[in-house]
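Below: a set of structures, written as C-alpha cells.
In the two complexes below, chain A is the common chain; its partner is chain B in one and chain C in the other.
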Partner chain A sequence: MKVTRRDLLVWSAGAAAGLVVTPVPWKILDDVSIWSQNWPWIPQPAKGPVEVKQSACTLCPNGCGLRVRMAGGCPVGLSGVNTNPVSRGALCPLGFGAHQLNWHPRRLRNVKHRGNISSWSEASAAFAKAAREGPIVIVDGHPGRSASSVLENFAEKWGGGYRVAMGPETRSLAPYELWSGVPATSLGYDLENTQTIVSFGAPLLDGWGIPGRFPRLWAERAASMNDPQLRIVQADPSLSRTAARAWQWLQVREGSESALAAGLVRALLEQNLVPAHGAIPLATISEAANETGLSADRIRELARTIVAKPPVLAVSPDFNPAVAALNVVLGAVGARGGIVRSSDRTKKYSSVAGAISNVRAVVIDSSVPWDFAAKSDAEVFRFAAWDGGSSKGDWLLPAPGFLEESTDISTPPAYPVETYAVAANLAKPTFEVQTAARFLANLDASAGTPETILHSRCEQLFRSRSGTLYGQTITPMTEIASTQELEKHLWDGAVWVGERCSAKLACELKEWPSASPSSRAGNWTQPWLAPVLPPLASKLYIESNLRGTPGRTV
Partner chain B sequence: MSRNTLVFAFGVSFALCVGWIVFPRALYVQKRQPLTFLHKTHAEKSGIADCGECHTLRADGSFAGLPAMEKCTGCHSEKIGDSQAEATLVNNYIKPGTETPWLVYSRQPANVWFSHAIHVKLAGLACSECHSTYGESDQVRTYELNRISGYSRDIWGHSMSRLRRAPHEGMKMSDCESCHQRHQVEVGCLGCHE
Partner chain C sequence: MSARYGMVIDLDRCIGCGSCMVACAAENNVPALQQATVRTGLTPIVVRTVSNGQEGAARRETFIPIMCMHCEHDTPCVKVCPQQAVEVDRATGIVMQMPQRCLGCRYCMTACPYHARYFNWWDPAWPAGMEKSLNPGIAVRMRGVVEKCNLCHARLHTAKEKAAAAAKREIDPTDYVPACVEACPTSAIHFGNLADANDPVAKESRSPEAFRLLARLGTEPKVYYKSKEAWVRDLAETNSAPRPEVKHG
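Now for the complex of A and B:
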C-alpha cells in the first residue's frame, strides 16, 4: 500500500485531534510555567531554617511595625505587628512586598556619573573637591534619625546647609509653625480624640499618614454606623474611597478647598457658632458658594453640622493656610482632639521647597522621594536604592535597599506623641552600597556615626524614664533596668511611645491668610515615570479595588 | 469506511497511545530514596505512634519537615540489625554527621507557603487526610521526578487526567482551593503566597 502525501496530512490531522484529548499539551503547559519560575537568574529564597523577626518598615517615615519571616537568613515574607501602637497591625500595599524591592530590575547597582558607570572612590574624590571649592547643601527626607544627625553635623562643620524635604502631612502643619513658632515636625493631629473631622480632600482612607491609623479609627468608630462616633465630612470633587465612606460627602469644585474654608469661617461667625475672632476672610459666603459649587445655605448648614459634635478638626492633604486658619477659628489648635504638640522640641528645619542657589554641591539622601529634583545648578550627589532616571543627579550613588541598613525611626509625621524605634539590617546587599551618612562620615569622622548617635539617644531615653515600650510585652520605661536592656528591646522590634506633651501651643492669627494655589492641581505636562513597585504590590492594588464591603477595607 | 477515515482514526489512536502511555513514562524519571525507611517498622519496633514525634512543629508554629539526623542518631548511633539500609544509614550519614538527602515528595515552588500548624492545630485535620496511610507503609515509594518542572509527581498527582482522584492526591493550587471550598474556609492570595 502506497502512502501518499494526503495520507500523511490526514494522519497528522488525526494525531493533532487526538493529542488534544491527551494530557500532553496541558501538562507541558503547566510544567513549563513552573519551570519558568525557576530560571537561574530569577532570585529564589534561600532554603534554610525559618525564623520570625520583628522590626520596623523604613520605606517612609511612619515606621510601621514589621513581622519579618526569614528563610535561610533572608526576608521572604512581611506582615504587620498587631501590638505596635503606631501602625496597629497594618501595612501599606508597598510595604507588604517591600522585601521584593531589593531585586527590582531598576535597583541601582553601580555608581553612575552622568549616565556612565563610575566608582565610589571617584565619587568620594569629586565630592571632597566640590566641598572644598564651595558651600554644600544636604537634603534629608526623614529628619530625626541618627543618620540625619550625621548629615546635619557634616553640613554644620563644612559650612553648608541642611534642608528637609517635608511630606504632605508635615506640610499641612506648616501654617501653625508660622503662627505659633512651634516647628511643624513637633506637631500632630489628635485624631484619636476628635469626634468630627472636616477633610478638605485629604485622602484619609485612601492612603494618608500611617496606613493603620485612620482606617482602624474609622473601622472602630464610624464604619456601618448611622450615627457614627467619628463623623467624617469629606469635601472632594470626586467620589473617592474616603468620600464614599464618609458620613457626609460634599462635592466641591477642584481647587476650591480654600474658598470653602473661608466660607465656613464666615458662616460660623455669622451664626455665632464660635467666639468672635479678629481675622475674618475677605470672601463672603456667596463668593465661597460660587467658587465651591455649593449653595450659601448648604455652607451655613455645614457650619452648624460640624460644631454639633465637638471636638472638630479640619484636615487638608497638603499646605493650606485657609484650612489651618479654620482650625484656629474652631479652637482646635492646642486643644484635645485638634492640633497638638507631639514634643517640646523647638528646633525648626529649613524646607527644601525653594530653589537652592549659590552652592557648589547638593547631597540628596536616599530617604528623599525619587520625584524630588533639586532646583539648583550645583553638582548633585543623589543617593538612591532604585534608579528613577539619570537626569535627577550628576552622581547616582547606590544606597542600601529595604532592610539592608540599620537605622532608627523617630516620630511619624503628624503623630501626636513622640515615638522611637529601630530597624535592624535583616538583608545583606549583594554589591557595595553606602548611605549618605556613611559616605560623609568617611570624609569627616568628626560628624559622628549613626551607631554612636543611636546609642546616645537610647541613653537619653533611658535617663528620661518616661513613656512605655511596646514589644513582646508592654513595659513602662520605669521598669527598664539599663540602657543596654532598652537597646536590646528596640533592636528586637519594640517601639518606644512617649507621653502626651504638656507644652502649650497657642496660635495667633492676625489676618486671614492669602489664598494659596491648590496643592491638588497636578502638572500634566511632566513626563510620567513608572513607579518602582514589587510584583506583590501591583497584585494587592488590584485586590484592594475589589474589596467591596466596608468591613474588609482594613 | 473510507481510506481517509481509517488514516484519520489511526492518527487519533497513535496520539492517544503516545499521550496516555508513552508521555507519562517519558515525562517522569524514577529515582530511589537514599535509604529504605519504613514507617511501619518504626511504629511497631520503637513504639512511635504519633507522627508529631518525628515531624515536629517549631516554637513559632512552622513545620520542621523531616527530622534531622540527630533524631535518628538517638537510636541508630550503632547499627541495629544487619540490613543494607542500616549499614548505609550508619556508615554514610550518622558517622560522617551528614544529613540524609531525602527526595521530598511534597516540595513546592518557593512562592508557596503552607502552614502545617494551621491545618493540624487550628483546622484539626488528621495527618492521614492529606498523607493517606503513608505513615503505616512498609515500603518506600519511588520518587518520580518531573523532567520539565523539576518537582515530584505527587504535586500533579498520579492520575494524569486528574479525574477521580482520592482527596489526598495532588498538591496543585486547585487542590488547595477545592479542599478549602469543601471546608468553607476562605483565604486570600497572601494566605499561601508571599
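Now for the complex of A and C:
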C-alpha cells in the first residue's frame, strides 16, 4: 500500500485527536505531576522511634517547662508542660519553633576573629594572654546558674569584674533595691494574689515575664468577665494587645507614665484614700493632667477606682522610680499581692548598663541578648550560638544551641518564689561548640565546673528539705530520699519550687524620685533580632499581618 | 457512634499572640519560605486583627483566628471539587483534603467563603539539616495542591492507635487535641465533639454569645466563635472575611 503525504497528515491528525480523548496524556501528566511533587531530594522527616522527654526552655531566663518529642535523636516538636507551676503549660510563640534554631542559616559554626575564621586554640591563647594582662570583665545574662558561678569565680580569681545584663522585669524592680537594700534579683511581683493591676505600659499579655504566667492568670480571673476578679488598668498611648484586653484602657501621652504615677499619688492623698506619706510629688494633679492628656477629674476617679479592689499593684515595663514610689504609697511593697521577697539572698549583682572602661578584655556569655553591645574598647570575646550580626565582638565563639547544653535554671526574673530546674542536652551539636563557663574552666580549673556546682546545689536543696518538686507527680521535698533521687527528678524535667520567703521587705522613700524617661515596652522578640528568629516565626510577621517585622517590633 | 468535631473560640480570651499559628505550622511540617507572603504563604490558621472602626479612646480591637470552618451542610469546597479531593468524613465531620487527588485547580479556594484555603506554590524547603526537626508523623506539604486545616487529623490517628492498643473502641478525648488548642496560653480555643450534647464544647456552642461566621449561608460551620461584645458578633455577617489591618509594634 502506498502511503501518501495526505495519509500521513490524516493519520497524524487522527492520532492527535484520539490522544486527546483518551486518558493517556492526562494520566501521564498526573503521574509526572505527582512524581515531580515527590522528588527524591525533597526533604523528608527523620525516621526513628518517637519518644517524649521533659526539659526546660533555655531561650530566655524564664525556663518554661518543655515537653520535647524526639525522633532519630533530634527534637521534632515542642509543647508546654501543664504540671509546671511556673509556666503552666504555655510557651511563647518562638518556643514552638525553637527546635529549628539549631539549623538556622545564621548558626555560628566556626570561631571567628574579626570576621575571619579562626580556631578554638587561637581564641584560647588570645584570651589567656588578655586575662594575664588583665583586668577582664565577664558579662552574664542569666545569673544564678551553675555556669554563672563559674563565670563569677573566674572573675574573682583573676581580678576581674562580673556584671549582669538585667532584663526589663528585673530593671523594673531596681528602685526597690535602692530604697530597701534588698537586691532586685531577690524580689518578685505577687501577681497571683493581687486584685487590681495598674500597668504603666507593661505588656502584661504580650511577653512580659513568664509567657504562661500572666496570660493564664488573666484567662482564669479576668477574661470575658463583666466584673473580673483581677482588674487590669492599662495606661498606654495606643491600643496595645494588653490594652485591648484590659478592664480599662487609659490613653495617655507617650512618655507621661511618671507624671501619671505622680498625679495618682496626689489624688490618693488628696482624697485620703491612703495613709499620709512623707514623700509627695511636687507636680500637682493639674500638671499631671496636662502632661498625660487625661482630665484632673479622670485622675481623681482613677485613684478611687484602683483602691476599690485591693490589693493593688502598679507595674512598669522597665526602670521607673515614680511607678515604684506609687507602690510604696499604695502599701504594696512587702505586702501580699504586691512586691515581695522571693528569697532571703542579699547578694547584689553589678549591672552592665554603663560603659566598661579600663579593662583589657570583655567576655560576653551566650545568655546575653543579641541587642547587647559592650560599650568598651577592650577586646571582646562574644559567645553566641547564632551570628546575629549585632554583637560587635572581636572574637565570635560558637556556643551550644537550643537544648545542646545541659544547664540549670534558677528563679525566673520577678517571680515571687525561688525555683530550680535543669535542662538536659537533648540535641547533639554537629560541630565544636563551647560554653563560656567551659572555656574559662579550661583555662583555670579552680573556677569549678558547672556539673560539680549543679551537684552541690542539689545537695543544698536536698539538705534544706523545703519546697516541693513538680514532676510527673507533686512530691514534697520531705519525701525525697536522697540527693541522687532529687537530681534524677530534676534531670527528668521536674521543677523545684520553694516556700514563700518570710523575710521582711520595707522601703523608705525619703523624697519623690525625679521623672525617668519612658522605656519602650518589650515583648518576647526582645532578646532576638532578625535573622535569628526561628524560621516559623515568619508566619507571624511575613505570612500574616499579626505583627510588624521584628526590627520594628523590638 | 460518629463524632462531629468542632471548636468554640472565645474571642474575648484571644490575646493575638500567634502561638497557635506557629504551633500549627510546626505540627504540620509547614515550611517557612522566604518567598511566601500574606497572600501566598501556607497558614492553616491565621489570626486577624479587627477593630470596631472607631479611633482614639473609643477604639476597640479583637483578634480572630481563622481556619477551615469544617462546614457540615452543602460544604462549598466539596461541591466544586472536580477530583473528589475534598470530602466530609462521615465518622468525624472533619472536612478532609486529599492532596494526592488534588490537581490544583483552586476552585475550592474560590468557593470557600472564609478564605481558609491556601494553594501551595512551592516545593517544601528548609535550611540544610533543618529537615531533622520535622514531625515524623506528618508528610511534608506537596507543591501544587490546595491545603487547609484538617484539625490535626494525624493526632486523631495516634489517639485511635492508642485506644486500639488498649482494646478500647472509643478514643480518650484528652488524647486528641489539635496543636492550636494545645498551644493557646489563654485557653481561648476549645475543641470537642459537637454531636455529644454533654460535651462542654457542644454546650458552649449553644450559648447566646456564640456565633458562626456567615451563618446565613447555611453551610453549618463547625467552628463557633464567642464574644460578649455586640460589635464583634456583628462582624460575623459581614460579606468579606475580616480585613487584616497592618499593625506595627
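Throughout what follows, the second predicted complex is superposed on the first by the 481 of 554 C-alpha atoms of A that agree within 3 Å, B and C clash if a C-alpha of one lies under 4 Å from a C-alpha of the other, contacts with A are read in each partner's own complex, and residues count from 1 in each chain.
Criterion: contacts are C-beta pairs under 8 Å (C-beta built on N, C-alpha and C of every residue); 3 or more make two chains touch, one makes a residue touch a chain.
No experiment lies behind these values; they were computed from the predicted model shown.
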Chain B versus chain C as contact partner of A:L178, first or second or both or neither: neither
Chain B versus chain C as contact partner of A:W35, first or second or both or neither: first
Dominant contact partner of chain A by residue count, chain C or chain B: C
Chain B versus chain C as contact partner of A:A308, first or second or both or neither: neither
Which superposed partner A:F96 touches (first chain B, second chain C, both, neither): both
Partner chain(s) touched by A:L443 [first = chain B, second = chain C, both, neither]: neither
First (chain B), second (chain C), both or neither touched by A:V50: both
Touched partner set for A:V76, first chain B, second chain C, both or neither: both
First, second, both or neither for A:P23, with chain B first and chain C second: first
Touched partner set for A:G14, first chain B, second chain C, both or neither: first
Intersection of chain A interface sets (partners chain B, chain C): 30, 34, 37-38, 44-45, 50, 69, 76-78, 96, 536, 539, 543
Interfacial residue positions of chain A with respect to chain B in the complex: 6-7, 10-19, 21-24, 27-28, 30-32, 34-35, 37-38, 44-45, 50-52, 69, 76-78, 96, 536, 539, 543
Residues of chain A touching chain C in the complex: 30, 33-34, 36-39, 42-48, 50, 69, 71-72, 74-80, 90-94, 96-97, 99-100, 102-105, 205-207, 211-212, 215-216, 218-219, 223-224, 226, 239, 241-242, 244-245, 249, 251, 430, 534-540, 542-549, 552-553
Touch list for chain C against partner chain A, complex: 10, 12-13, 15-19, 21-23, 25-27, 29-30, 32, 36-38, 41-43, 46-49, 56-57, 59-62, 100, 103, 123-140, 142-145, 179, 182-183, 185-188, 226-228, 244-249
Of all residues in chain B, those that touch chain A in their complex: 3-4, 7-16, 18-20, 23-24, 27, 58, 60, 62, 109-111, 113, 146, 148-151, 156, 160-161, 188-190, 194
